[in-house]
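Going in written order, the chains are labelled A, B and C, and every chain counts its residues from 1.
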Amino acid sequence: MPLLVATALTKDYPMNGEVVHALRGVSLTVAPGDYVAIVGPSGCGKSTLLQLLGGIDTPSAGSVALEGTRLETLGDSALTRLRLTRLGFVFQRFHLLPVLSAAENVELPMAEAGLPRDARRARARELLRYVGLEGRAGHRATQLSGGEMQRVAIARALANRPALLLADEPTGELDAATGRGILDLFRRLNDDGATIVVVTHDDRLAGEAGRVIHMLDGHIVDETRGAGR
Amino acid sequence: MNPLRNLARHPVRTALALAGIAVTTAMLLDMVLLAGGIERSFAQLLLGRGYQVRVSPRGTLPFDTEATIPGARGIAATMRRDPAVEAVAPIVGSSIHARRGDSLVTLFGYGIDPAAQALYQVTAGADLAPGDSAGLLLSAPAARVLAAAIGDTVVLVSRLDPQMAVAGSSRTVVVRGVVRWLYDARDQASVGTLVPVMQELAAFRAEDRVSAFAVRVTGDADSAAARLRAALPSLEINSVGAMVLRFRERLTYFRQLSLILGTISLGVTVLLVGTLLTITVNERRGEIATLRAIGVARGTIVRAVMLEGGALTTLGGGLGVLLGLATAEQLDRILTSFPGLPAAISFFVPDARSLALAAAVLVITGIVAGAYPAWLAARAPIAETLRTEAT
Amino acid sequence: MLLPTTTLLLLTLAGVPVQAAPQAATPALPIALERRLAERLGARVGDTLAVGREAGAPEGRAVVTAIYEPAADPSVITRRDLHARFHLPDFTALLGAPDRVDRFGVGLAPGVPPDSAARELNRIAFGFQASPSAEIASESSQTFRVVSRFHDAIAIISVVASAIFLLCIMLLKVEERRRDAAVMRFTGIRRRTIFAALLLEAVLVAALGSAMGVGLALVAGAATNAYYQRFFDTTLIFSAVTPGILRFSVLLSLGLGLGAGALAAWRLVRTRPLVLWGRE
């Protein structure tokens, strides 16, 4: 059974008095354990597609089903709960809470999910160790480098053991060397069983994926195989 | 999402906001204290010796005018017939003089019945004994101005005839004690004798006139006052509660001033907290959109923003209470220098109810101020904000 | 020359009901009522009133010969006392104390200093005390000096609160322009130009706010006067927005706005553009 099924997704939104057709009937299926990279030029609709897949935006037409649940049938709080427990997000600009430590940022989604404090702490420690930041757990987000912040953001995305990890340009703000570390981390995650959909401009990152989906002007124009699963 | 840590992100801005809230809270507290303080103080003063009813000439309040009540003994007897009446204290008040060497000193003279009195507390020496027509009680300022001590002899004179340069009435008395007259203004030189002595000095004796009565009753003072009013329709008879209500009319200015300034203070607090949080929320749009994207519920975001508003108002309010109590003391010092005001009256009387009221109003203010920015934060469209923030 | 005062208070009069005065042998005394008292009693010129020392015990009749508007006196405004005027001999006779007065007003010959005249009178005084009018005026205005000091204290608190509020708002207003400032820096605009632009904006906001504040003060002052004049039935002015107050308020708000704007703008232009943009 596929993990995620997107069917005939279209997304239009007004901009400066005109309607922008960001997606024009995109369909996509993601199986458990897939590592999918979505690539394409700026404005081709790849970030919009990721937002629709993650339930943080609603399509103008079409549907998205995660583990058999159609997202458009859910109300705001159910959708929010689904994002919290079944999806993990990584953003280009990390968006960590600067007043919290690395460990507290990782604990945040678990606290929201109602996990007891001890369990949260143990899981945050485990995740920070996984992303190679066990020594930086107590540091504030503002005291971390860009690469470290992105690792914390990845640990945060994994906090509630999501079924699907969605990443939007996760190396976009990082230099080549630091970006390489993030690529390796995504690779390792997928090897350990995580299902990943990543939007990227980064050819290296796309090359690591098992499936590379090419988009242009709101359409999927091609799908190729990458080096990964 | 600890609100204190969020506030610490912008220390200058937070410090200014806290200072602003502290000053406006101080103003609010002072105005709450002012609105009810003098009434409470006045009621405490009137009930100081447990007499709950006052009797004065019709259309006046006690000592408000020079009008007097004739036939005092008969009136007192009528009042004592009421089963609720425990004690009737006749009070005579008149301007009199005392000799000091070759000159005369002007004093305020009280005529009292030591067995039933609502006017003073003995601070030194002894009270007047019943029937002690030669005894005198002095206030500390009177003792100073007469240079008299307990046991000294004082000559009281009254009804002076300027043309003949003689006193119409004169009485030699001995100082028995120093007292604090409850209704005296600061530095007021007052003396007290038995009622008949003062009546004679004030030329009230013939018609047995007194200035007022204080009456101690058991049970409900308002119904006792109503019964006495029915029995003595030519007199003004009020319970202390009713007098406070009449007194309140004269304090309209202070009550309205407190209402207006209190409202402005609250308005400023709402604007300050509301503006600060709105700008803060706008600055954190990306952060909030991210939190929403990773599954943080709207309620959590709203709670976080409101908590931040609450933390600001609580911290600022805490400082404001301290500042308010300090400024209330200064303002009270200014207002209690009103000429003729009883020294025991205070305009700003801190009490638990006022503090609780100010705190409750402040908390509600914080919530109201945080409501709009919290709503903004909760309603922010996630995808659109993330798109904008990515540029 | 000694001038006996002819105006005395008869405070108990307000409690005397208007009643058809009995036809008596004694002639009715002429009486002048202040307007509020006349309105309260429903009396008009020519009406006859029953008057007396004790409430409910009329001792004579008085015919209303005049109704007058008293001079607005803030010292008695909250007491709401009602006044009437008799000719002095009529009044002292009514009080049962003929040839007794409360006080005299004394007119001095030109060139005689009031202080020395009062001293001279007090030297021979028995049963009275002479005081220069200025001293009495000073004593009777003590109440207003207290109220004035109270207002000053309240005003200081208000000014401090307003100043902090203004500083805070101006700081936030300039901080709001972080991204714009970053864009300007990215495009090579000099710090000085950005600083001047932010400062100009702060001044404009402060000026606009001051103008609105002046308008609000005028409206609030007019409303205060209208309300209290009606409440106390008086022509007294309760709120006076003077040019001095306006000048002080506007200069203070402009000064604070400018100071706060300059401080915030200076902080902003010293911050690196990437930090302003939020990328560092």
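Here is the rule we go by: contacts are C-beta pairs under 8 Å (C-beta built on N, C-alpha and C of every residue); 3 or more make two chains touch, one makes a residue touch a chain.
Every value quoted in this text rests on a predicted model; they were computed, and no experiment measured them.
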Where the centre of all protein Cα atoms falls, which chain's Cα centre is nearest to that point?
-> B
Centroid comparison with chain C (C-alpha atoms), farthest chain | A
Per the C-alpha centroid definition, the whole-Å distance linking chain A and chain B comes out as 66
Distance from the mean Cα position of chain C to that of chain B, given in whole angstrom = 22
Per the C-alpha means, the centres of chain A and chain C lie apart by a whole-Å value of 69
Set of chain B residues in contact with two or more other chains | 286
Chain A residues touching chain B - in the complex, by the definition given at the top | 13, 47-48, 51, 54, 56-57, 76-77, 80-85, 87-89, 91-93, 95, 97-100, 108-109, 112-113, 156-157, 160
Which residues, counting only chain B, touch chain C once they are in their complex?
-> 12-13, 16-17, 19-20, 23-24, 26-27, 30, 57-60, 64-65, 67, 70, 97, 104, 106, 160-162, 165, 167, 233-234, 249-253, 257, 261, 264-265, 268, 271-272, 275-276, 279, 282-283, 286, 327, 330-331, 334-335, 337-339
Hey, which residues of chain B end up touching chain A in the complex?
-> 1-2, 5-6, 8-9, 286-287, 289-298, 300, 382-384, 386-387, 389-390
What residues of chain C sit close enough to touch chain B in their complex?
-> 9, 11-12, 14-15, 53-57, 78-80, 125-129, 139, 142-143, 146, 149-150, 153-154, 157-158, 160-162, 164-165, 167-169, 171-172, 175-176, 231, 278
